[in-house]
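Going in written order, the chains are labelled A, B, C, D, E and F, and every chain counts its residues from 1.
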Amino acid sequence: MVPSAPVSRSPLGPQVYREMAVFSGNAHRALAEAVCKHLEMPLGDCEVTQFSNEEVFVRFLDNIRERDVFLIQPIVSPVNTRLMELFVMIDAAKRASAGRITAVVPYYAYGRSDKKDQPRVPVTARLVANFIETAGADRVLTIDLHAGQIQGFFNIPVDELTALPLIADYFRNVGYESPVVVAPDVGDAKRARNIAQRLGAELAVIDKRRIGNEERTQAMGLIGDVDGHDCLIVDDEILTGSTMMSAVRLLNARGARSVSVACVHPVMSATAFEVLDSPELSELVFTDTLPLVHGTFKSVPTTVLSVAPLIGDAMYRIHTGGSVGALFR
Amino acid sequence: MVPSAPVSRSPLGPQVYREMAVFSGNAHRALAEAVCKHLEMPLGDCEVTQFSNEEVFVRFLDNIRERDVFLIQPIVSPVNTRLMELFVMIDAAKRASAGRITAVVPYYAYGRSDKKDQPRVPVTARLVANFIETAGADRVLTIDLHAGQIQGFFNIPVDELTALPLIADYFRNVGYESPVVVAPDVGDAKRARNIAQRLGAELAVIDKRRIGNEERTQAMGLIGDVDGHDCLIVDDEILTGSTMMSAVRLLNARGARSVSVACVHPVMSATAFEVLDSPELSELVFTDTLPLVHGTFKSVPTTVLSVAPLIGDAMYRIHTGGSVGALFR
Amino acid sequence: MVPSAPVSRSPLGPQVYREMAVFSGNAHRALAEAVCKHLEMPLGDCEVTQFSNEEVFVRFLDNIRERDVFLIQPIVSPVNTRLMELFVMIDAAKRASAGRITAVVPYYAYGRSDKKDQPRVPVTARLVANFIETAGADRVLTIDLHAGQIQGFFNIPVDELTALPLIADYFRNVGYESPVVVAPDVGDAKRARNIAQRLGAELAVIDKRRIGNEERTQAMGLIGDVDGHDCLIVDDEILTGSTMMSAVRLLNARGARSVSVACVHPVMSATAFEVLDSPELSELVFTDTLPLVHGTFKSVPTTVLSVAPLIGDAMYRIHTGGSVGALFR
Amino acid sequence: MVPSAPVSRSPLGPQVYREMAVFSGNAHRALAEAVCKHLEMPLGDCEVTQFSNEEVFVRFLDNIRERDVFLIQPIVSPVNTRLMELFVMIDAAKRASAGRITAVVPYYAYGRSDKKDQPRVPVTARLVANFIETAGADRVLTIDLHAGQIQGFFNIPVDELTALPLIADYFRNVGYESPVVVAPDVGDAKRARNIAQRLGAELAVIDKRRIGNEERTQAMGLIGDVDGHDCLIVDDEILTGSTMMSAVRLLNARGARSVSVACVHPVMSATAFEVLDSPELSELVFTDTLPLVHGTFKSVPTTVLSVAPLIGDAMYRIHTGGSVGALFR
Amino acid sequence: MVPSAPVSRSPLGPQVYREMAVFSGNAHRALAEAVCKHLEMPLGDCEVTQFSNEEVFVRFLDNIRERDVFLIQPIVSPVNTRLMELFVMIDAAKRASAGRITAVVPYYAYGRSDKKDQPRVPVTARLVANFIETAGADRVLTIDLHAGQIQGFFNIPVDELTALPLIADYFRNVGYESPVVVAPDVGDAKRARNIAQRLGAELAVIDKRRIGNEERTQAMGLIGDVDGHDCLIVDDEILTGSTMMSAVRLLNARGARSVSVACVHPVMSATAFEVLDSPELSELVFTDTLPLVHGTFKSVPTTVLSVAPLIGDAMYRIHTGGSVGALFR
Amino acid sequence: MVPSAPVSRSPLGPQVYREMAVFSGNAHRALAEAVCKHLEMPLGDCEVTQFSNEEVFVRFLDNIRERDVFLIQPIVSPVNTRLMELFVMIDAAKRASAGRITAVVPYYAYGRSDKKDQPRVPVTARLVANFIETAGADRVLTIDLHAGQIQGFFNIPVDELTALPLIADYFRNVGYESPVVVAPDVGDAKRARNIAQRLGAELAVIDKRRIGNEERTQAMGLIGDVDGHDCLIVDDEILTGSTMMSAVRLLNARGARSVSVACVHPVMSATAFEVLDSPELSELVFTDTLPLVHGTFKSVPTTVLSVAPLIGDAMYRIHTGGSVGALFR
């Protein structure tokens, strides 16, 4: 016989609605586990695999009907597969009747493809936002988008957390005397100013320009004074590290007492582990929004600040209707 | 340190969902306060301002995550700014993760732009409905739309209340002997008949026609008999009052014993306060769906019937899943 | 006076949300009643009629605000009217502020119009899915779609139940010695294999082919061996019965010991009651996803397996967040 | 006469893209043929049938890629099947890559279901509009909607033609001395006034009211004077004819010299052919937006005014980018 | 032979609007070039690259405003990157104001993820369809979808071509005496029957079943007779080749005179080049909808049938409004 | 000079379909006329008014069926009314069957509301983008958005022109010896660098910071050296001028030889005409994307650079399928 549920309607029926359930794709299971540990709850059971034809397959092994589902997946290498995993997880959760789906994307890839700055190019950061909505996510939780306007690429609510206070707190504890915060490019000046203001530090800006018609030859100028100061270069993400290293050298040449480098998202291609692993650089600071998938740093002193408590607290507030903004007051 | 929420999951978690929260734009704060007083709850704290460049800005000062948010804003002068305030409030509430957003629009402007009655004109009442949905409202609560079909301009649920029983009750208590309800135009005959039926009164209809090719010259005929009767002209809204005043004069000329004028929505442009403030008119009755922003009546006896209890009761029923229709049974 | 609700906010407010409410259109009230009996709850009160101009009209007589509404309506003759009833019920429920709307469609008509297999034809199964979503349904519950891919025609969650275990259980209880399950066409082989596997039976397949250019002349071949075996032909639905009857005769001619016919959906046009009511056929088995509207079987032994407990259990699990998949484990 | 565009197709119009193609469903092939005759072009070849399970099937036999496709289908009995035919034709045309699809719906059924005038009822006129858009129509051409606001139920362009000038022209040619145009209900007064103004006639209005609590018992009053005048009752559609016949009798009782009845859409249920076929009525005038499917009139003098030239001219202007509004100037 | 349209572009076709422009992603440039050669036009210039962070970047080097743009990209390994390339190309083309965008996807990956056949899994084939529409494609051109119903996953027009006639023609020319076409699984019987009917051949079906509870242990049965016949196993795609090879062995064991294998889409993982490269197999036939990216066949005789003329003819007909269906009449 | 397309309309362009038609709202008729003069075509006839209840009304007096319609309307004071005019014009054009609608918005208001930089605020720049799409625009043409990411707020194609080359050309012609381009805030550094690079000039950046907890008290620092140089402060828009004037004074205090101020969009509130009209400032340069509605400059030398040729050329290229990007090569 087909099994038949006992038909006594629980007066608590609607309570089952919105019980929290957290799952991880293959991008950064360690972070998801740290978040769940912070929340004192288990990470949910979900199969996220690729068939031998490379097609992504997802199966939730727990019943998630009406649950408040959080899917944790920063978009790290292999980027397009991790992205597809996220989309497919959302679709599977939607079709499995999840009560609410929050895409937790600590690092939002394609963030630099956020405008048409030359003819006939895409705005992929918007396209990815469309796909997250189309797949069925109800909301997004992310950290330090490349540009705040990417929030506006979504019609669903976006909670953007920031790890800049974590970084500023770290350097405040280091206790430099009169540090200078340096923006590695004029387009990054606002982020650097944010840190500078938190540290009561001066600001300097590096001005890179093309030389002649050659696309890749650049001259680097420095606006502001760093002579005799401890310098902190702050960026949102580091990829190959080569531009960053040129900046380090420029600052050293201009008399910097020391040069530290901090970023939120350690995208870090393989070359970054060669280029940045250098004594010219005093310290390297970043968070764990992303795992290091292409290598490790051997000689440069490295500090990893964990965003797991920050993400966990935000998820808890999203789940219980608490203020996420209050986390930063 | 970043503050960390105590991670004990309340068994009451979902209860926070849908706590009621009521806010007002700048259109009619007095009405919003009267509604909240009726509901015995405070009006929420929300900044709705314009920058020096006239751009509308909104900030909710209370946390509204998962709350059952009601935004009270009739569309009164300055019409397009009040409309934009409504849209921006909805967008801000959506992005602030409101649980549900009800646009409470006691007067729905642009209601007369509800069809293409000449070539190449807009259907702005539909456009506004689209904008309310696009901005993110989940439902609409309104009073006496210019045409009931405007409900159908929305895909989201619309609760349309009516103040006609309030008006009929008022006149029943006055106790005219054999009143005649007069429709100020053939297109308004149904609304007048509604009142007439409630009062057990006769109906008369004014028939305005264009003369020749001149757009604005009109002849007014009267269908039905008013001689010796107390007349009640009933309209949904009054703007300049000039057509209404012509109707008053026509009825007086046809032997009316008295002429009272009632409308739900006192749109009342500045000229209305000159034109209608006249002894030819026995009484002027309207509701407070709109504030009077362009003047006051000085000599004509005026009665304002408050819709605040009606709106408050409807909001309460929407919040608790009670029947709104039952309010009118 | 307009009645005023007592304004004490119940601490249980949100509980009213999602109380279950079940309604039936005119397609199969007996099934809806059986489902409600299984759930030990009353069938809701809803007027579903046609005006004298044949236009469908719907009115819910119970308040359904925020309720968890289930609308039970298989699409049976008169097909297009029953379909329109379903759409209009959904629209009315949406505009009446139902909390959630589940379209329970035990038989999904137009399922065979699921692809463009010739130029310039529609994909009506997708169109109907679009209409169900457009009208405002939040989810669909159905039984044995003609093709599983029809699930993918929806963007909303679909729970597809199957009555094949019911049918297999029935035949297992009959206790044939070494039955052969026969697919009436190569396109139906998977469904037959499903039953065969459950019964541990062999499989045979009927191969129909066009002869020459004539559209309707077909030759029937049999792949596999049925001589001396009890044969069970299994299909998802039976319409006119004539193809099925040709299959029965072919099997008898090939030495079948007996031939039983089973289907999930007894669409059964008027001719089916003539064609299939024959001694060449040992038994006819189907479910009650559809009522028999065009006739009755008189001589062939007929068994009707009820899907009401299956639907009721699934609805209960949908309502309480239980696993529907677990019904079939 | 309504002006008729000269039907010579511009040499610039018909490129491969947007060659005109006209098809008819099963609702009113005679009208479609008359339209094509007016346009001096053949009616396209399209199979619109029902399978033995009553499911509608459509197949275009002509290639319609990139053509400017017009689908002519008023919604007449059997209403829901004709509606489904329209939807399926649109879907098939869209999937067959039609360049543009215009749904030509001379009579738009469900027009009276255009607002929620009681709790928990649908707004089916909007639902049908949604379905037409969802199916894939690019635009709609229709005649005399029950309410002009139904235009606003669409987001796509709607061209609403009117046959009222045809009707007014007809009665002007009859040459009554001082006719009175009578609205059969207060809600129809605007349409009657339109005709009255074109004829320079007086207006009268019938006021029907419920008596006590009985839904269907009505008292009829007459506002205005008809004694000794030829009366023309004008409505948009006639269904059963019984209300209309009561109006005829009332006018006769009030001394009307003659009573003619005109409507645009002869919906005409079977009873209409009994009720209206009466000597109390001088003449019955309607158009051919609908075929008479339930009977014929035997004794009452009947005039059918064809809308085929009007539709054909509008289609031609839509196709060539001419002004449709100019048809009515 | 598949008929080939004469490729002379109509003087009426190419105005500025809708001039044809064809581009290739990185999946299968050779096929795109073959198509363009067939069309006697150049392949357009478009940069499709990945940055060092693996993000896909696209730039059209030709102006494509108002052009009729075709983007050729089968979804081959690395699958998720090729898919993302397709999406990003569509977005870039849309934002570059292409007049019309046709996604030409000769092999549609994720086609087997077309239904929920177990709880809590995705329907990725629908998700990909949604993404193609969301990105901005106006239409899709594809070849032999895994299931015809995938057409219905799209709301935009889909032209599905079939290479089965190419395969049937090939084997007809080989001239086997009385071949048997074998379906490698009961779910593939329809496709095999299609080929069998074209060849006038008999049909046999392989019936794979699970043994006990082990997911992957299967028993293979054969329904039908192959003794002494040349067998042709026909599938839509081949991935690892191991199931196919088991089928080959089964047929050889049952006395097949020879066994040939044909498929439309040579997905061919690395193991396929080991498994299938065997003397047990007489011949391997497939098309060039996909390039072989993981290896080459060394000993088994292999024939590649090109679909370039078929795609080119279809594109030309799409561009000029010709019938694509007529290609297969 | 910005290149200007030769304005001879291709004989292939203007068929009936897509003949160009240009209309202006009430925001900046002079600009629309200048654009039409550049295009050697008349400005179309369109009534854009407000009723006495302030509701915007639009009526196109020309037939615009299938025309390529351009609606020119920068969003200037009264901002919300001009915005509503734009939306209503789009709706009216859509319902009047325009072939294509391009919203030409030389100044896009609400551009600074492009991200949630504090809790519970809107992203109005996205909301406005949604409204433009919802109303029915097919594309947008604009100049120097506050942030390039606003392009990504649209799903429809956006052509963003830039007037920065016009400004750079102007200052190059002035012939300063070694000018320094100054960014008035760190967030504006990229735009200033763009101009600096075009002029081969140095860059300096002003760093404004909050002092203590007071929201509005700011300290201004200067990064970079201006002593003895001619300074050009470049911003995208100027509103009240007070921050700009503080920057002017800071530069003068730091030894600047002269200080010129340039911006693209002269939003210019009333106070700007007092604050900036000062001898501390050598020159004021802006474009005519906006009219000056709140005053005039009396003593400061002012230069207005017209964007009319730029807009006209872009419109012509949009209309004829030419490359807009090529305007800036």
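The definition used in the following text is that contacts are C-beta pairs under 8 Å (C-beta built on N, C-alpha and C of every residue); 3 or more make two chains touch, one makes a residue touch a chain.
Computed from a predicted structure; not experimentally measured.
Touching subunit C and subunit D together: B, E. Any chain that touches subunit A and also touches subunit D is listed here: B, C, E, F. With centres computed as the average of Cα coordinates, no chain lies farther from subunit D than A. Seen from the C-alpha centroid of subunit E, the farthest chain centroid is that of B. Look at the contact of subunit D with subunit E and you find different residues on each copy: under half of the numbers used there are shared. More than half of the contact pairs of C-D, counted by residue number, reappear in one of A-B, A-F or B-F; that pair is B-F. Averaging C-alpha coordinates per chain places the centre of subunit B 38 Å away from that of subunit F.
Averaged C-alpha coordinates give centres for subunit E and subunit F that are 49 Å from one another.
Averaging Cα coordinates per chain places subunit A and subunit E 38 Å apart. The residues of subunit D that reach two or more other chains are 15, 63, 95-96, 116, 118-120, 123, 126, 130, 151, 155, 158, 323-326, listed in rising order.
Inter-chain contacts, as defined above, occur between A-B, A-C, A-E, A-F, B-C, B-D, B-F, C-D, C-E, D-E, D-F, E-F. Contact residues of subunit E toward subunit A in the complex are 52-61, 63-64, 77-81, 83-84, 87-89, 91-93, 95-96, 109-110, 112-113, 116, 118-124, 126-127, 130-131, 134-135, 239-240, 267, 269, 271. The touching residues of subunit F, when paired with subunit E in their complex, are 10, 12-13, 15, 18, 139, 151, 155, 157-159, 317-318, 320-326. Per the touch definition, subunit D reaches subunit B in the complex via residues 114-120, 123, 125-126, 130, 147-153, 155, 158, 160, 183, 186-187, 189-190, 192-193, 197, 202-205, 207, 209-210, 221, 223-224, 323-326.
Interface of subunit A with subunit C (complex): residues 1-5, 7, 9-11, 13-14, 16-17, 63, 65-67, 94-97, 99, 136.
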